[in-house]
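One chain, subunit A, links the two complexes that follow: it is found with subunit B in the first and with subunit C in the second.
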Partner chain A sequence: MSVTTAEKPAVRTTKVLPSPVTGQEIVLVGVIAILWVALWVSTPAFMTAGSIQPLLVATAPVALVGVGMTIVIITGGIDVSVGAAIMVCSVLTAKLLVDAEVNLGVAVIVSVAAGGLLGLVNGVLIAYGRVHAIIITFGTANLFLFLGLQIFGSGTVNGIPGTLAFFGRGQDGRTFGVPHAFLITLLITAAAWWYLRHTAGGRHFFAIGGDAQAARLAGVRVQRRVLLAYVLTGLLVGLASCFVIAQGTSTLDQSVGSGKELAVIAAVVIGGTSIMGGRGSVLGTLLGALLVQSVASGVTQLGWSSQLSDLFVGIFIIVAVGADLLRARARRSR
Partner chain B sequence: MTATAERVRQRPDVARILLTQRIPLLAVLIVLVVVTFFINDAGGYLTAPYDFDYMSAALINAVPLAMLGLAELLVILSGRGGIDLSVGAIVSLSGMVFGFAYGEWAWPLWLAILATAGFGALCGAVNGFLVSYIGFPALIATLATFYAYKSIAIVINNQQPISTPPIQDLFSLSKSVELPLFGQYIPDVPLGIFTFLLPTVVAVWLLLARTAYGRRLYAIGTNDVAARWSGLPVRDTRFKAYVYAGLISGLVAVVTVAQFASARPDAGVSGSGMALPAITIAVLGGVAITGGIGRVAGVVLATLLIVWLNAGILLAFVGNEGGQYQLLALGTVLVFAALLNGLTNRRYGGTS
Partner chain C sequence: MRPRFAAAVALTATAAIALTGCTKKNETDTAGGTDAGSKTYKVAFVPKLQGVPYFEAMNAGGKEAAAALGNVEWLYQGPTQADAAAQADIVRSYIQQKVDALIVAPNDPDSMAPLLQQAKDAGIHVATADTDAPSSVREVFVNQATAEGIGQGLTDALLKAMGGKGKYAIVSCGQTAENLNSWIEVQKAYTKEKYPEAQIVDIVYAGEDQAKATQMATDLMNAHPDLTGLVGECTSSAPGVAQAVKDAGKIGKVFTVGLGTPQAMKPYLQDKSSTAAILWDVENLGYLTAWAGAQIAQGKPFAATNNVSSELSAVEYTEADKMLLLGPALAITDQNVDQFNY
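This part shows the complex of A and B:
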C-alpha cells in the first residue's frame, strides 16, 4: 500500500508516488457526468446557470471541511465535532456582524481563528492524551454545542447584514458566473492536493495512517503532525462557517451545522479515502461532496421528497466503499 | 519501570482500584452526584425537590438509553472497530413499522412487538452482513445504513407521524406504578423498567456471561486472528452481534412510540440522535472501543450516573439553560473518561 511510498523520500523519486488520480476519482467523474446528463434530459432546467450555480455554492462548505477531514482520516483519526464547531464559528461571526458591524476581512479572520482554536483543543487532546479520536471528538462535540448555545443566548440571531455576500448565492458572490465560495474551495483543494502529494510534510500524514509506530521510528514527529491535521480542519471549519452564513438568510437558528459532520464524512468516504487511514485524496472528497449535492438537487428538481436524497447517500457510500474493497482485494491477490 | 510496577502491585490502594476498575469508580461517582444534589436541595438552590420520587421518575429516561447502550456494548465488543451509528435510525424505522402494524392494521400487541423486534433485527442483519461478511469498516457501513433507514422512515408515511387511538393508549406503558408487596415503602417506578429494561439487561448479561456465544464474542473482539486460528466462527459471531443490536433497537422503538404516544418518523434521529448518547454511555461504562473489554454492569451504572446527573442539572437551572449544561456535563464526563482510560493504560497496563 502507500506506506512503502511514504517511507522513501517521496519528493525526489516521483516514480514511487501513486498515480495522480485514483480509480475512485475517475469513477466519480463518470457517475457525476451520467447523473448530470440524466437530470438534464429529464428536467432541461437543470443545465442552466441558475441551477448549477446554487449547486456549486452549496457544495463548498461540505467540500471545504472535507479537505481537513480527509487529512484527519488519512492519519487514521476522525473528527465528529465539525458540525458543532461550525455552529460555534457561525454564531460567533453572525453575532459580530450584527453587534459590532465588522467588515468582511475581520469576520473571516475571527471565524477562522475561532475554528482553529476549537481544532487545537481536539488536536491536543488526541495527540497528547493518546485516546481514540472518535471518543474525544464525541465529547468535544457536546462541549462545542454547549459553547455555541451559550453564545446564541436564547432563540436566533436576527438581522445579519449582507457583509459576507462575497461568498453568497447572489450576484455579489460571483465573478464571470463562477461562485467565489466554490472557487476558493477549488483553490484550497488544489493546494491541499499538492501539499499532500509533493511535500515531505504531506507524505508524513500518510505514513502515520499506514503505521504510526513505523512513522515515529522513521523520524516523523507523529504528535505534531496529528495536532496539525486537527488544527487545519478547524481553520477550514472557520472559513466554511462564513460560507454557511453567507448562504443563509438574515436569520441564523440553532440548528446550524447539525448533522454536517456525517455529511462531511460521507463525502470523504465516497471520495475513496480509507477510514482505516493511510490512503485518500482530497480531489475525491471534492467530487464526493459534489455528487452528494447533485443528488440532493436532482431529487428536489424531480419533485420527489427531499428526504429521499439521504437514501441515495447511503447507497452511494455502500457502492463507493464496496468498489474500493473489491479493488483492495484484487490488489492483494495480485 | 518494573520497580514502580512492583510497588504498585504490592499496594492495592483505593486510588488504584478507582482508576483501574470502572465499576467502583462509577458507583462512587453516582453517590457523589446524588449527595451533591441532595445537599443543594436541602440548601434550597434547586427549582424543585430532588428526592427519591424525582430520581425514580427520572428513570424513564434510562430505559431507551441503557438498552441502546447495551446494543452498542455488543457491537463494540465484537472488535475490529465495531460501532453502530444506525441504532437511532433503526429506532425511527422500526417505530414506523410498529405504528403501521399496531396503529393502522390493528395487529394484536404481542404480534406487533414481535414484528417490530424482528424488523429491527433484520435492519441489524444488514449491518452485520456488510461488516462481517463483506468486510466494510463498521463506521462506514452503519453510517450508510443510518442515512438509508432514516430516509426510508421519513418517506414511508410522507413525513407524517402515526398516532391512532391504539397507539395513544400505549402511553399507559410509560407511567409509574407502585410495586406489589413492598411498594408502599419505596417510590413508584416507571413501568418500562420492568417490561423492557430489566429483561434486556438480564438477557444481555446471560448472553455475555453464561453462554458459549458470549465467550466467543469476547474472544473475537480481543484478537480476531487468534480466534480464527482457534477455529471459532468469527464471521458468524460478529454478524450476530449486529443482529442483536438491531433487535434491541427494535424493542426501544416500541418504548419510544409508547412514550411519545405516537410513531414519529424522526424519533431516533432528531437533534443529535440516539446513537451518540448510546455510544457515550457504552464508553463511559468502560467498554473499550478497540473491542473485547466491557461489562453489562458498567453500562447500567453509567446510565444511572448520566440520568441522575441530567435530572439534577435540569433542576439547578431555570428555563432551557439546563439542557445546555447537560451537554457540558456529558462532554466533560466523556472526555475525562477517555483521558482516564489513556492514563490507566500507561500507568497500570490497562484495565483488566
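This part shows the complex of A and C:
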C-alpha cells in the first residue's frame, strides 16, 4: 500500500482510479491490428466473415474463463483447476443433452450451476483453509478430473444433439453475422470491467491483491471477496463449457478441457494482469485471448508449421511479464 | 513474499512428484519364473489409455476370446491419460503379479523396452499390440493393419469422393506419433504415384483437442479456397474435420475422410460431411490379442496362417518381423456403420 500523506487528500480523490485503459491494452490492440492487416495482405481469406467468425467463436471460452481468472489473479490467487472443471461441466451437460434431451436453457443452467459448485469448493478451501491457491486448486484439479472420468464412465459421449448450436460455429450461432458466443463474452467482459473499476466491491479485489492484511484492516471482508472470485470463475467455467460443447463435434472425449487452464492463464498474463496480484484488467485478458487465437489461425492460414504458434505464445508471455516487471520498477522509482 | 512462497511450493511439489516416481523403479527385480503347471493362463493387456471407445472395444474382444478359449484369464488395465509414466506403473504391477503373458500398447515404445526386458527376466511372455515397440524383447506384435493398408485406404476413399483430383490437407494429432506419421508418409507417396492430379497442400497438428482440430480445418479451408478434401488422421480430428465442413456449409464441396470410431462418426457419415471412416475391426483386434497372448503363454509357435476364430480364419504371421496381421483396413460408411456398437 502506498503511503498517502495527510497534506494532500483533495488531490488524491480526483485521480483515485487508474486510467480506463492500461498501456498493455493499447499495445495489444496495436499488435492485433498489425497482425490482422499482415494476415489480410498475405492470406487469401483471413479478413473474411468465414474466417473471422470462427476465430471469435474459438476465442470465446478462453476469454470467458479468463474474466474469472483475472479477478482471481488480481486477488493474488490462481486457479489451475479450470481445465478439469470444464471437463466436469462439459461431460455432465453433454450427458444430459444426450440422455435427457434437455433444452438449451436447462443445459446452460445445469452447466453454470455445476461450475459454480466446483468454484465454491475451491473458494471455501482457499478463503477459509488459508492454504495457498496453487496447492488447493492443484488438488481439486485432480479431484475434478476423477469426477469427470467417473461421469464419462468408460467411453465417449456420442451423438450430442445440436441443442447448443446457438453458441456454435455454424449458421445458428450468429445473429447479423455476430457469433453469439463472442457477443456474450464481450458483454460479460464489459460488465466485469465496469464492476471492477467503478464499484467499491470491485476495488476490494485489487486491495486484497495489493496487501490482504491492509485491506482487512481497512474493512474489506477479505474471505468473502476471495470466495466470490472463485465462485465467479466457476460460474463462467460452466457457461464456457457450453461454448466448448457447441464448438466441438457431436462426440465428447476425455481430452476435453485438458490444458485449458494454461491457455487461460496465458491470456490473462499476456493481457497485462500482474501474476503477483493487485493489478490487472479483464479487457486485457480478452485481447490476450484474441491475440493467441489470431496467431494460431494465422499460422495455419499462412501454411506455417503448427508448433510455431506455441513459440509465439511463449514469446508473448515472456514479453508481457517482462513489461509488467518494468512497469512495477518504474512505479517504485517514481 | 507471496510469489516467492508460490514458487517454493511449486518446486517442492515437483520434487515430491519426481521422487515418488523414482522410488518405484527398482522394486521388481526379484520376481522368478512361474509359468508352468497352471491350467488357466493370465493374459494381461495394458492399453495406451482406458475409457476410450477404441480400447474398450479391444477389451470386449479380449474378453470374448477368453470366454471362447476357456483356459485364459483376461486382465485389462490402462492409465486414464495417454501417459508413458502412468502406463509404466501398471506394467510393473502386472510384473509383480506374475502374469503369464503381458501385452502392451506402448505410449512410448523406447521407454517401454527396458520394462519388457524386466518382465521377460521375471519369466513373463511379452508382446505388443496396436502399437509396436520394435527394439524390445517382445515375442510378437499384433498389428491391426499395415501402414500401407491404412494410408492407401484413406487416400483411395478421399480421392474417390474428390473425383481423383484436387487439393487436400491433413489434420493430424500428435506431431511425434509414429504410427500417424508412417500413415502420412504412405499417403504422400501413394497420392503422388496414383493420383498425379491431386496434391497435399498442408499437414497440421492439433494434438488430441477436437475443438482445435475443427478450428484448424476451418483455417485450412480459408487458406486454400480451392481445397476439396480433408483427412482427419486420428479419432479426435476425424469428427473435427467433418464438423468444420458442416459448420462452414461446405458439405458436398469439401469431402472428408478420417480414422474415426464408428459411433463417433455416425452423424457425420449420415449427413455426408464425412465420406468414410477408415478403421479395422477393433473387437477382432482385441480377440486376436488375447489369442496371441494365450499362444505365447503356452509356448506354442505361430503358423504362417492361423485359424483363430470363425471371423479370423486366416491370420497371417510373418516370422521375419514376428508380426501377426489382423487383415486389410475397413472402410466404414453410412451403409455399414450400424454394424459396430463402439
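To be clear about the criterion, the second predicted complex is superposed on the first by the 319 of 334 C-alpha atoms of A that agree within 3 Å, B and C clash if a C-alpha of one lies under 4 Å from a C-alpha of the other, contacts with A are read in each partner's own complex, and residues count from 1 in each chain.
Throughout what follows, a residue touches a chain if its C-beta (ideal position, glycine included) is under 8 Å from a C-beta of that chain, and two chains touch if they have at least 3 such contacts.
The model shown is predicted, which means the values in this text are computed figures rather than measured ones.
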Fit or clash between subunit C and subunit B when superposed on subunit A: clash
Touch check for A:275: first (subunit B), second (subunit C), both, or neither? both
Thinking of the overlay built on chain A, is A:45 touched by subunit B (first), by subunit C (second), by both, or by neither? second
First (subunit B), second (subunit C), both or neither touched by A:217: neither
Could you look at A:190 and tell me whether it touches subunit B, subunit C, both or neither (first, second, both, neither)? neither
Please work out whether A:171 is in contact with subunit B alone, subunit C alone, both, or neither, and reply first, second, both or neither. second
First (subunit B), second (subunit C), both or neither: which does A:159 touch? second
So, A:136: does it touch subunit B (first), subunit C (second), both, or neither? first
Superposition-derived comparison: subunit B or subunit C, residues of subunit A touched: C
Which of subunit B and subunit C A:307 touches, first, second, both or neither: both
Please indicate which partner A:33 is in contact with in the superposed arrangement: first for subunit B, second for subunit C, both, or neither. neither
If the two structures are placed on top of each other, which part of subunit B overlaps subunit C: 98-106, 224-232, 278-286 or 332-340? 278-286
Which residues of subunit A are in contact with subunit B in one complex and with subunit C in the other? 78, 132, 134-135, 138, 145, 149, 154, 258, 275-276, 307
Show which residues of subunit A lie in contact with subunit C when the two form their complex. 43-46, 48, 50-51, 54-55, 58, 76, 78, 132, 134-135, 138, 145, 149, 152-156, 158-159, 168-171, 244, 247-256, 258-259, 275-277, 296-297, 300-303, 306-307
For subunit C, which residues count as touching subunit A in their complex? 2-3, 5-6, 9-10, 13, 49-53, 56, 80-81, 175, 201-202, 204-206, 208-212, 214-216, 218-225, 235-236, 239-240, 242-244, 246-249, 261, 263-264, 266-268
Given the complex, residues on subunit B that touch subunit A span 81, 83, 85, 130, 134-137, 139-141, 143-152, 154-155, 158-159, 271-272, 276, 279-280, 283, 289-290, 319-320, 324-325, 327-328, 330-332, 334-335, 338-339, 341-342, 346
Of subunit A, residues touching subunit B in the complex: 78, 125, 129-132, 134-136, 138-143, 145-146, 149-150, 154, 258, 262, 265-266, 269, 275-276, 305, 307-311, 313-315, 317-318, 321-322, 325
